[in-house]
(Lines give C-alpha, C1' and ligand atoms only; values in the text may rest on other atoms or scores of the structure.)
Protein backbone atom coordinates (compact mmCIF):
# COMPACT_ATOMS: atom_id res chain seq x y z
CA UNK A 1 0.00 0.00 0.00
CA UNK A 2 1.46 3.39 -0.91
CA UNK A 3 2.08 5.95 1.80
CA UNK A 4 -0.35 8.30 0.16
CA UNK A 5 -3.13 5.71 -0.07
CA UNK A 6 -2.49 4.71 3.52
CA UNK A 7 -2.76 8.36 4.49
CA UNK A 8 -6.08 8.81 2.81
CA UNK A 9 -7.51 5.61 4.30
CA UNK A 10 -6.36 6.61 7.77
CA UNK A 11 -7.87 10.04 7.31
CA UNK A 12 -11.07 8.37 6.19
CA UNK A 13 -11.09 6.25 9.33
CA UNK A 14 -11.87 9.30 11.41
CA UNK A 15 -10.56 12.44 12.96
CA UNK A 16 -9.54 10.99 16.33
CA UNK A 17 -7.03 8.65 14.65
CA UNK A 18 -5.63 11.40 12.45
CA UNK A 19 -5.27 13.80 15.37
CA UNK A 20 -3.15 11.24 17.22
CA UNK A 21 -0.89 10.35 14.30
CA UNK A 22 -0.93 13.56 12.26
CA UNK A 23 -0.07 11.61 9.09
CA UNK A 24 0.53 14.82 7.19
CA UNK A 25 3.58 16.88 8.03
CA UNK A 26 1.67 20.09 7.63
CA UNK A 27 -1.42 18.85 9.49
CA UNK A 28 -0.75 20.96 12.58
CA UNK A 29 0.01 24.02 10.43
CA UNK A 30 -2.98 23.53 8.10
CA UNK A 31 -4.68 26.73 9.20
CA UNK A 32 -1.55 28.74 8.57
CA UNK A 33 -1.21 27.39 5.01
CA UNK A 34 -4.92 27.96 4.33
CA UNK A 35 -4.63 31.59 5.47
CA UNK A 36 -1.62 32.12 3.22
CA UNK A 37 -3.27 30.45 0.21
CA UNK A 38 -6.44 32.52 0.67
CA UNK A 39 -4.29 35.66 0.71
CA UNK A 40 -2.55 34.47 -2.48
CA UNK A 41 -5.96 33.79 -4.06
CA UNK A 42 -6.92 37.40 -3.25
CA UNK A 43 -3.68 38.65 -4.79
CA UNK A 44 -4.40 36.72 -8.00
CA UNK A 45 -7.84 38.38 -8.12
CA UNK A 46 -6.03 41.69 -7.56
CA UNK A 47 -3.88 40.94 -10.62
CA UNK A 48 -7.04 40.46 -12.68
CA UNK A 49 -8.29 43.87 -11.53
CA UNK A 50 -4.94 45.43 -12.47
CA UNK A 51 -5.24 43.99 -15.99
CA UNK A 52 -8.89 45.08 -16.28
CA UNK A 53 -7.92 48.62 -15.20
CA UNK A 54 -5.05 48.73 -17.77
CA UNK A 55 -2.46 49.27 -15.09
CA UNK A 56 1.14 49.95 -16.16
CA UNK A 57 2.88 46.70 -17.18
CA UNK A 58 5.93 46.91 -14.88
CA UNK A 59 3.60 47.41 -11.89
CA UNK A 60 1.62 44.30 -12.84
CA UNK A 61 4.80 42.27 -13.38
CA UNK A 62 6.21 43.41 -10.01
CA UNK A 63 2.99 42.26 -8.35
CA UNK A 64 3.10 38.90 -10.22
CA UNK A 65 6.68 38.46 -8.92
CA UNK A 66 5.45 39.13 -5.39
CA UNK A 67 2.69 36.48 -5.66
CA UNK A 68 5.20 34.01 -7.15
CA UNK A 69 7.46 34.55 -4.17
CA UNK A 70 4.58 33.98 -1.72
CA UNK A 71 3.81 30.67 -3.49
CA UNK A 72 7.46 29.60 -3.36
CA UNK A 73 7.44 30.35 0.38
CA UNK A 74 4.48 27.99 0.74
CA UNK A 75 6.32 25.29 -1.28
CA UNK A 76 9.49 25.58 0.81
CA UNK A 77 7.47 25.66 4.04
CA UNK A 78 5.62 22.47 3.06
CA UNK A 79 8.91 20.79 2.10
CA UNK A 80 10.42 21.68 5.48
CA UNK A 81 7.38 20.39 7.38
CA UNK A 82 7.42 17.22 5.29
CA UNK A 83 11.09 16.59 6.10
CA UNK A 84 10.49 17.18 9.82
CA UNK A 85 7.39 15.06 10.19
CA UNK A 86 7.29 12.40 7.51
CA UNK A 87 10.95 11.81 6.71
CA UNK A 88 12.13 11.65 10.32
CA UNK A 89 9.36 9.18 11.12
CA UNK A 90 10.12 7.07 8.04
CA UNK A 91 13.85 7.11 8.78
CA UNK A 92 13.23 5.81 12.29
CA UNK A 93 10.84 3.12 11.03
CA UNK A 94 13.21 1.52 8.56
CA UNK A 95 16.15 2.41 6.36
CA UNK A 96 14.20 1.37 3.27
CA UNK A 97 11.22 3.60 4.10
CA UNK A 98 13.51 6.57 4.69
CA UNK A 99 15.36 6.06 1.38
CA UNK A 100 12.17 5.74 -0.66
CA UNK A 101 10.67 8.90 0.76
CA UNK A 102 13.90 10.87 0.34
CA UNK A 103 14.00 9.99 -3.35
CA UNK A 104 10.52 11.46 -3.59
CA UNK A 105 11.63 14.61 -1.71
CA UNK A 106 14.66 15.05 -4.00
CA UNK A 107 12.34 14.91 -7.04
CA UNK A 108 10.07 17.48 -5.42
CA UNK A 109 12.98 19.83 -4.63
CA UNK A 110 13.99 19.66 -8.31
CA UNK A 111 10.49 20.81 -9.30
CA UNK A 112 10.58 23.74 -6.89
CA UNK A 113 14.08 24.79 -8.03
CA UNK A 114 12.83 24.17 -11.58
CA UNK A 115 15.50 22.02 -13.18
CA UNK B 1 -2.94 32.81 -30.94
CA UNK B 2 -0.63 34.26 -28.34
CA UNK B 3 -1.55 37.41 -26.50
CA UNK B 4 1.48 39.11 -27.95
CA UNK B 5 0.68 38.18 -31.55
CA UNK B 6 -2.97 39.10 -31.05
CA UNK B 7 -1.83 42.46 -29.69
CA UNK B 8 0.29 43.21 -32.69
CA UNK B 9 -2.45 42.25 -35.16
CA UNK B 10 -5.03 44.38 -33.40
CA UNK B 11 -2.66 47.31 -33.28
CA UNK B 12 -2.09 46.83 -37.01
CA UNK B 13 -5.82 47.30 -37.58
CA UNK B 14 -5.42 50.68 -35.88
CA UNK B 15 -8.98 50.99 -34.59
CA UNK B 16 -9.81 54.16 -32.70
CA UNK B 17 -10.82 52.06 -29.70
CA UNK B 18 -7.36 50.54 -29.55
CA UNK B 19 -5.76 53.97 -29.69
CA UNK B 20 -7.63 54.92 -26.52
CA UNK B 21 -6.17 51.96 -24.63
CA UNK B 22 -2.90 51.65 -26.48
CA UNK B 23 -0.91 53.01 -23.53
CA UNK B 24 -0.84 49.45 -22.18
CA UNK B 25 1.16 46.87 -24.08
CA UNK B 26 -1.11 44.07 -23.02
CA UNK B 27 -4.35 45.98 -23.67
CA UNK B 28 -5.32 44.03 -26.78
CA UNK B 29 -4.30 40.73 -25.12
CA UNK B 30 -6.23 41.55 -21.93
CA UNK B 31 -8.73 38.73 -22.38
CA UNK B 32 -5.96 36.19 -22.75
CA UNK B 33 -4.28 37.32 -19.52
CA UNK B 34 -7.61 37.40 -17.68
CA UNK B 35 -8.37 33.81 -18.75
CA UNK B 36 -4.96 32.67 -17.56
CA UNK B 37 -5.23 34.51 -14.24
CA UNK B 38 -8.71 33.08 -13.60
CA UNK B 39 -7.31 29.60 -14.22
CA UNK B 40 -4.46 30.35 -11.79
CA UNK B 41 -7.01 31.59 -9.22
CA UNK B 42 -8.82 28.25 -9.59
CA UNK B 43 -5.55 26.38 -9.11
CA UNK B 44 -4.86 28.32 -5.89
CA UNK B 45 -8.33 27.31 -4.63
CA UNK B 46 -7.43 23.73 -5.62
CA UNK B 47 -4.32 23.98 -3.43
CA UNK B 48 -6.53 24.99 -0.49
CA UNK B 49 -8.69 21.91 -1.06
CA UNK B 50 -5.56 19.71 -1.18
CA UNK B 51 -4.45 21.09 2.20
CA UNK B 52 -7.96 20.70 3.66
CA UNK B 53 -8.05 17.06 2.47
CA UNK B 54 -4.61 16.34 4.02
CA UNK B 55 -3.12 15.37 0.67
CA UNK B 56 0.42 14.01 0.58
CA UNK B 57 2.97 16.87 0.89
CA UNK B 58 5.05 16.18 -2.25
CA UNK B 59 1.84 16.18 -4.34
CA UNK B 60 0.87 19.59 -2.93
CA UNK B 61 4.38 20.98 -3.48
CA UNK B 62 4.41 19.70 -7.09
CA UNK B 63 1.12 21.48 -7.69
CA UNK B 64 2.42 24.70 -6.07
CA UNK B 65 5.43 24.52 -8.45
CA UNK B 66 3.04 24.20 -11.39
CA UNK B 67 1.05 27.31 -10.35
CA UNK B 68 4.31 29.22 -9.80
CA UNK B 69 5.37 28.36 -13.33
CA UNK B 70 2.04 29.53 -14.76
CA UNK B 71 2.49 32.86 -12.94
CA UNK B 72 6.04 33.25 -14.23
CA UNK B 73 4.71 32.63 -17.76
CA UNK B 74 2.27 35.52 -17.23
CA UNK B 75 5.12 37.75 -15.98
CA UNK B 76 7.38 36.96 -18.95
CA UNK B 77 4.47 37.37 -21.39
CA UNK B 78 3.65 40.79 -19.94
CA UNK B 79 7.32 41.82 -20.10
CA UNK B 80 7.51 40.78 -23.77
CA UNK B 81 4.33 42.66 -24.64
CA UNK B 82 5.58 45.70 -22.73
CA UNK B 83 8.86 45.67 -24.66
CA UNK B 84 7.02 45.35 -27.98
CA UNK B 85 4.42 48.02 -27.39
CA UNK B 86 5.69 50.55 -24.90
CA UNK B 87 9.44 50.41 -25.31
CA UNK B 88 9.45 50.49 -29.11
CA UNK B 89 7.06 53.46 -29.04
CA UNK B 90 9.15 55.25 -26.41
CA UNK B 91 12.38 54.56 -28.29
CA UNK B 92 10.93 56.09 -31.46
CA UNK B 93 9.61 59.11 -29.55
CA UNK B 94 12.89 60.16 -28.00
CA UNK B 95 16.14 58.69 -26.82
CA UNK B 96 15.46 59.96 -23.30
CA UNK B 97 12.03 58.32 -23.12
CA UNK B 98 13.44 55.01 -24.32
CA UNK B 99 16.28 55.08 -21.77
CA UNK B 100 14.00 55.91 -18.85
CA UNK B 101 11.57 53.12 -19.67
CA UNK B 102 14.35 50.59 -20.22
CA UNK B 103 15.74 51.31 -16.75
CA UNK B 104 12.29 50.49 -15.42
CA UNK B 105 12.18 47.27 -17.48
CA UNK B 106 15.62 46.19 -16.24
CA UNK B 107 14.44 46.65 -12.65
CA UNK B 108 11.34 44.60 -13.40
CA UNK B 109 13.37 41.79 -15.00
CA UNK B 110 15.50 41.66 -11.81
CA UNK B 111 12.33 41.13 -9.77
CA UNK B 112 11.13 38.31 -12.01
CA UNK B 113 14.55 36.61 -11.98
CA UNK B 114 14.59 37.32 -8.23
CA UNK B 115 17.96 38.90 -7.59
CA UNK C 1 29.93 51.96 -10.80
CA UNK C 2 27.71 49.51 -12.65
CA UNK C 3 28.70 48.10 -16.01
CA UNK C 4 25.71 49.73 -17.58
CA UNK C 5 26.44 53.20 -16.21
CA UNK C 6 30.12 52.88 -17.09
CA UNK C 7 29.07 51.80 -20.55
CA UNK C 8 26.99 54.89 -21.08
CA UNK C 9 29.71 57.22 -19.76
CA UNK C 10 32.34 55.63 -21.98
CA UNK C 11 30.02 55.89 -24.96
CA UNK C 12 29.58 59.54 -24.09
CA UNK C 13 33.35 59.96 -24.50
CA UNK C 14 32.79 58.82 -28.09
CA UNK C 15 36.17 57.20 -28.65
CA UNK C 16 36.74 55.80 -32.12
CA UNK C 17 37.56 52.42 -30.57
CA UNK C 18 34.13 52.27 -28.97
CA UNK C 19 32.42 53.06 -32.26
CA UNK C 20 34.11 50.05 -33.86
CA UNK C 21 32.83 47.73 -31.19
CA UNK C 22 29.55 49.44 -30.46
CA UNK C 23 27.56 46.62 -32.06
CA UNK C 24 27.73 44.89 -28.71
CA UNK C 25 25.77 46.45 -25.88
CA UNK C 26 28.31 45.39 -23.29
CA UNK C 27 31.35 46.43 -25.36
CA UNK C 28 32.24 49.44 -23.22
CA UNK C 29 31.61 47.46 -20.01
CA UNK C 30 33.63 44.46 -21.18
CA UNK C 31 36.30 44.87 -18.50
CA UNK C 32 33.69 44.93 -15.77
CA UNK C 33 32.11 41.69 -17.02
CA UNK C 34 35.52 40.04 -17.41
CA UNK C 35 36.43 40.94 -13.82
CA UNK C 36 33.15 39.49 -12.59
CA UNK C 37 33.51 36.29 -14.63
CA UNK C 38 37.11 35.78 -13.43
CA UNK C 39 35.88 36.12 -9.86
CA UNK C 40 33.15 33.56 -10.59
CA UNK C 41 35.75 31.23 -12.15
CA UNK C 42 37.74 31.52 -8.89
CA UNK C 43 34.61 30.74 -6.88
CA UNK C 44 34.00 27.60 -8.97
CA UNK C 45 37.58 26.51 -8.23
CA UNK C 46 36.85 27.23 -4.57
CA UNK C 47 33.86 24.87 -4.79
CA UNK C 48 36.17 22.13 -6.08
CA UNK C 49 38.46 22.67 -3.08
CA UNK C 50 35.48 22.48 -0.72
CA UNK C 51 34.50 19.11 -2.23
CA UNK C 52 38.11 17.84 -2.10
CA UNK C 53 38.32 18.86 1.57
CA UNK C 54 35.04 17.07 2.38
CA UNK C 55 33.42 20.25 3.60
CA UNK C 56 29.95 20.05 5.13
CA UNK C 57 27.28 19.72 2.43
CA UNK C 58 25.05 22.67 3.42
CA UNK C 59 28.11 24.96 3.35
CA UNK C 60 28.96 23.80 -0.17
CA UNK C 61 25.36 24.21 -1.33
CA UNK C 62 25.19 27.71 0.19
CA UNK C 63 28.34 28.63 -1.74
CA UNK C 64 26.93 27.12 -4.97
CA UNK C 65 23.82 29.27 -4.47
CA UNK C 66 26.03 32.34 -4.10
CA UNK C 67 27.90 31.61 -7.37
CA UNK C 68 24.58 30.99 -9.13
CA UNK C 69 23.36 34.38 -7.97
CA UNK C 70 26.54 36.08 -9.24
CA UNK C 71 25.99 34.45 -12.65
CA UNK C 72 22.35 35.55 -12.74
CA UNK C 73 23.52 39.10 -11.97
CA UNK C 74 25.80 38.90 -15.02
CA UNK C 75 22.90 37.63 -17.17
CA UNK C 76 20.54 40.39 -16.05
CA UNK C 77 23.28 43.02 -16.45
CA UNK C 78 23.97 41.86 -20.01
CA UNK C 79 20.25 41.86 -20.81
CA UNK C 80 19.92 45.43 -19.50
CA UNK C 81 22.92 46.63 -21.51
CA UNK C 82 21.58 44.86 -24.58
CA UNK C 83 18.23 46.58 -24.24
CA UNK C 84 19.89 49.97 -23.78
CA UNK C 85 22.37 49.73 -26.62
CA UNK C 86 21.09 47.32 -29.24
CA UNK C 87 17.34 47.51 -28.87
CA UNK C 88 17.10 51.28 -28.70
CA UNK C 89 19.31 51.55 -31.80
CA UNK C 90 17.28 48.91 -33.63
CA UNK C 91 14.00 50.55 -32.65
CA UNK C 92 15.17 53.90 -34.03
CA UNK C 93 16.38 52.27 -37.24
CA UNK C 94 13.15 50.61 -38.22
CA UNK C 95 10.07 49.14 -36.64
CA UNK C 96 10.86 45.75 -38.19
CA UNK C 97 14.40 45.66 -36.76
CA UNK C 98 13.13 46.56 -33.31
CA UNK C 99 10.44 43.86 -33.40
CA UNK C 100 12.83 41.13 -34.54
CA UNK C 101 15.36 41.91 -31.84
CA UNK C 102 12.72 42.14 -29.15
CA UNK C 103 11.47 38.66 -30.02
CA UNK C 104 15.03 37.48 -29.48
CA UNK C 105 15.23 39.31 -26.12
CA UNK C 106 11.92 37.82 -24.97
CA UNK C 107 13.28 34.33 -25.74
CA UNK C 108 16.44 35.13 -23.80
CA UNK C 109 14.49 36.41 -20.79
CA UNK C 110 12.56 33.11 -20.75
CA UNK C 111 15.85 31.23 -20.53
CA UNK C 112 17.10 33.35 -17.65
CA UNK C 113 13.80 33.00 -15.77
CA UNK C 114 13.94 29.30 -16.72
CA UNK C 115 10.50 28.59 -18.16
CA UNK D 1 25.53 6.61 -13.15
CA UNK D 2 24.40 9.44 -10.92
CA UNK D 3 26.55 10.70 -8.07
CA UNK D 4 23.93 9.65 -5.59
CA UNK D 5 23.60 6.10 -6.96
CA UNK D 6 27.36 5.77 -7.20
CA UNK D 7 27.55 6.95 -3.59
CA UNK D 8 25.23 4.28 -2.35
CA UNK D 9 26.97 1.50 -4.31
CA UNK D 10 30.38 2.57 -3.03
CA UNK D 11 29.04 2.68 0.52
CA UNK D 12 27.78 -0.85 0.00
CA UNK D 13 31.35 -1.94 -0.73
CA UNK D 14 32.12 -0.75 2.81
CA UNK D 15 35.74 0.20 2.23
CA UNK D 16 37.67 1.37 5.28
CA UNK D 17 38.55 4.56 3.41
CA UNK D 18 34.88 5.41 2.97
CA UNK D 19 34.24 4.94 6.68
CA UNK D 20 36.85 7.61 7.43
CA UNK D 21 35.16 10.15 5.18
CA UNK D 22 31.59 9.00 5.56
CA UNK D 23 30.65 12.16 7.48
CA UNK D 24 30.11 13.81 4.10
CA UNK D 25 27.09 12.65 2.11
CA UNK D 26 28.85 13.31 -1.17
CA UNK D 27 32.18 11.77 -0.12
CA UNK D 28 31.82 8.67 -2.26
CA UNK D 29 30.55 10.71 -5.22
CA UNK D 30 33.32 13.30 -4.90
CA UNK D 31 34.88 12.49 -8.28
CA UNK D 32 31.58 12.98 -10.06
CA UNK D 33 31.10 16.44 -8.49
CA UNK D 34 34.70 17.41 -9.23
CA UNK D 35 34.26 16.46 -12.91
CA UNK D 36 31.08 18.53 -13.12
CA UNK D 37 32.65 21.54 -11.38
CA UNK D 38 35.72 21.42 -13.66
CA UNK D 39 33.38 21.42 -16.66
CA UNK D 40 31.54 24.41 -15.18
CA UNK D 41 34.88 26.18 -14.60
CA UNK D 42 35.65 25.62 -18.30
CA UNK D 43 32.26 27.04 -19.26
CA UNK D 44 32.91 30.17 -17.18
CA UNK D 45 36.23 30.63 -19.03
CA UNK D 46 34.26 30.14 -22.26
CA UNK D 47 31.99 33.01 -21.18
CA UNK D 48 35.06 35.24 -20.76
CA UNK D 49 36.15 34.39 -24.30
CA UNK D 50 32.66 35.20 -25.60
CA UNK D 51 32.85 38.63 -23.96
CA UNK D 52 36.40 39.21 -25.24
CA UNK D 53 35.28 38.32 -28.78
CA UNK D 54 32.29 40.68 -28.55
CA UNK D 55 29.81 37.90 -29.13
CA UNK D 56 26.14 38.80 -29.52
CA UNK D 57 24.54 39.52 -26.11
CA UNK D 58 21.61 37.07 -26.30
CA UNK D 59 24.07 34.25 -27.12
CA UNK D 60 26.17 35.11 -24.08
CA UNK D 61 23.09 35.34 -21.85
CA UNK D 62 21.83 31.97 -23.13
CA UNK D 63 25.19 30.43 -22.26
CA UNK D 64 25.17 32.06 -18.80
CA UNK D 65 21.71 30.53 -18.24
CA UNK D 66 23.10 27.12 -19.19
CA UNK D 67 25.99 27.40 -16.69
CA UNK D 68 23.55 28.57 -14.01
CA UNK D 69 21.44 25.50 -14.61
CA UNK D 70 24.49 23.19 -14.36
CA UNK D 71 25.35 24.80 -11.00
CA UNK D 72 21.79 24.39 -9.74
CA UNK D 73 21.99 20.69 -10.72
CA UNK D 74 25.10 20.39 -8.54
CA UNK D 75 23.30 22.12 -5.65
CA UNK D 76 20.25 19.87 -5.88
CA UNK D 77 22.45 16.76 -6.26
CA UNK D 78 24.42 17.68 -3.14
CA UNK D 79 21.19 18.34 -1.23
CA UNK D 80 19.84 14.93 -2.23
CA UNK D 81 23.04 13.15 -1.22
CA UNK D 82 23.07 15.05 2.04
CA UNK D 83 19.51 13.99 2.83
CA UNK D 84 20.32 10.36 2.01
CA UNK D 85 23.54 10.07 3.95
CA UNK D 86 23.61 12.61 6.75
CA UNK D 87 19.96 13.14 7.55
CA UNK D 88 18.99 9.46 7.61
CA UNK D 89 21.96 8.73 9.87
CA UNK D 90 21.13 11.65 12.16
CA UNK D 91 17.47 10.67 12.30
CA UNK D 92 18.37 7.15 13.39
CA UNK D 93 20.81 8.42 16.00
CA UNK D 94 18.40 10.64 17.86
CA UNK D 95 15.29 12.67 17.26
CA UNK D 96 17.11 15.82 18.37
CA UNK D 97 20.00 15.30 15.90
CA UNK D 98 17.60 14.73 13.02
CA UNK D 99 15.60 17.87 13.86
CA UNK D 100 18.67 20.09 14.11
CA UNK D 101 20.07 18.93 10.78
CA UNK D 102 16.71 19.26 9.04
CA UNK D 103 16.47 22.88 10.15
CA UNK D 104 19.83 23.41 8.47
CA UNK D 105 18.63 21.65 5.30
CA UNK D 106 15.46 23.75 5.17
CA UNK D 107 17.59 26.91 5.37
CA UNK D 108 19.79 25.59 2.56
CA UNK D 109 16.81 24.76 0.35
CA UNK D 110 15.60 28.35 0.81
CA UNK D 111 18.94 29.62 -0.48
CA UNK D 112 18.82 27.38 -3.55
CA UNK D 113 15.21 28.38 -4.32
CA UNK D 114 16.32 31.95 -3.56
CA UNK D 115 13.68 33.26 -1.19
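When the chains are written out, they are named A, B, C and D in that same order, and each has its own residue count from 1.
Everything below uses one rule, namely that contacts are C-beta pairs under 8 Å (C-beta built on N, C-alpha and C of every residue); 3 or more make two chains touch, one makes a residue touch a chain.
In this text, all values refer to a predicted model and were calculated from it rather than measured experimentally.
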Name whichever of C-D and A-D has more C-beta pairs touching across its two chains. C-D
Among B-C, A-D or C-D, where does the A-B interface recur, judging by over half of the contact pairs matching in residue number? C-D
Approximately how many whole Å separate the CA-defined centres of subunit C and subunit D? 25
Could you list which residues of subunit B touch at least two other chains? 69, 72, 75, 79, 105, 112, 114
Can you list the subunit C residues touching subunit D in their complex? 21, 23-27, 30, 33-34, 37-38, 40-41, 44-45, 47-48, 51-52, 54-58, 60-62, 64-65, 67-69, 71-72, 74-75, 78-79, 81-82, 86, 104-105, 107-108, 111-112, 114
Note which residues of subunit D are touching subunit A in the complex, please. 4, 69, 72-73, 75-76, 79-80, 83-84, 87-88, 91-92, 95, 98-99, 102, 105-106, 109-110, 112-113, 115
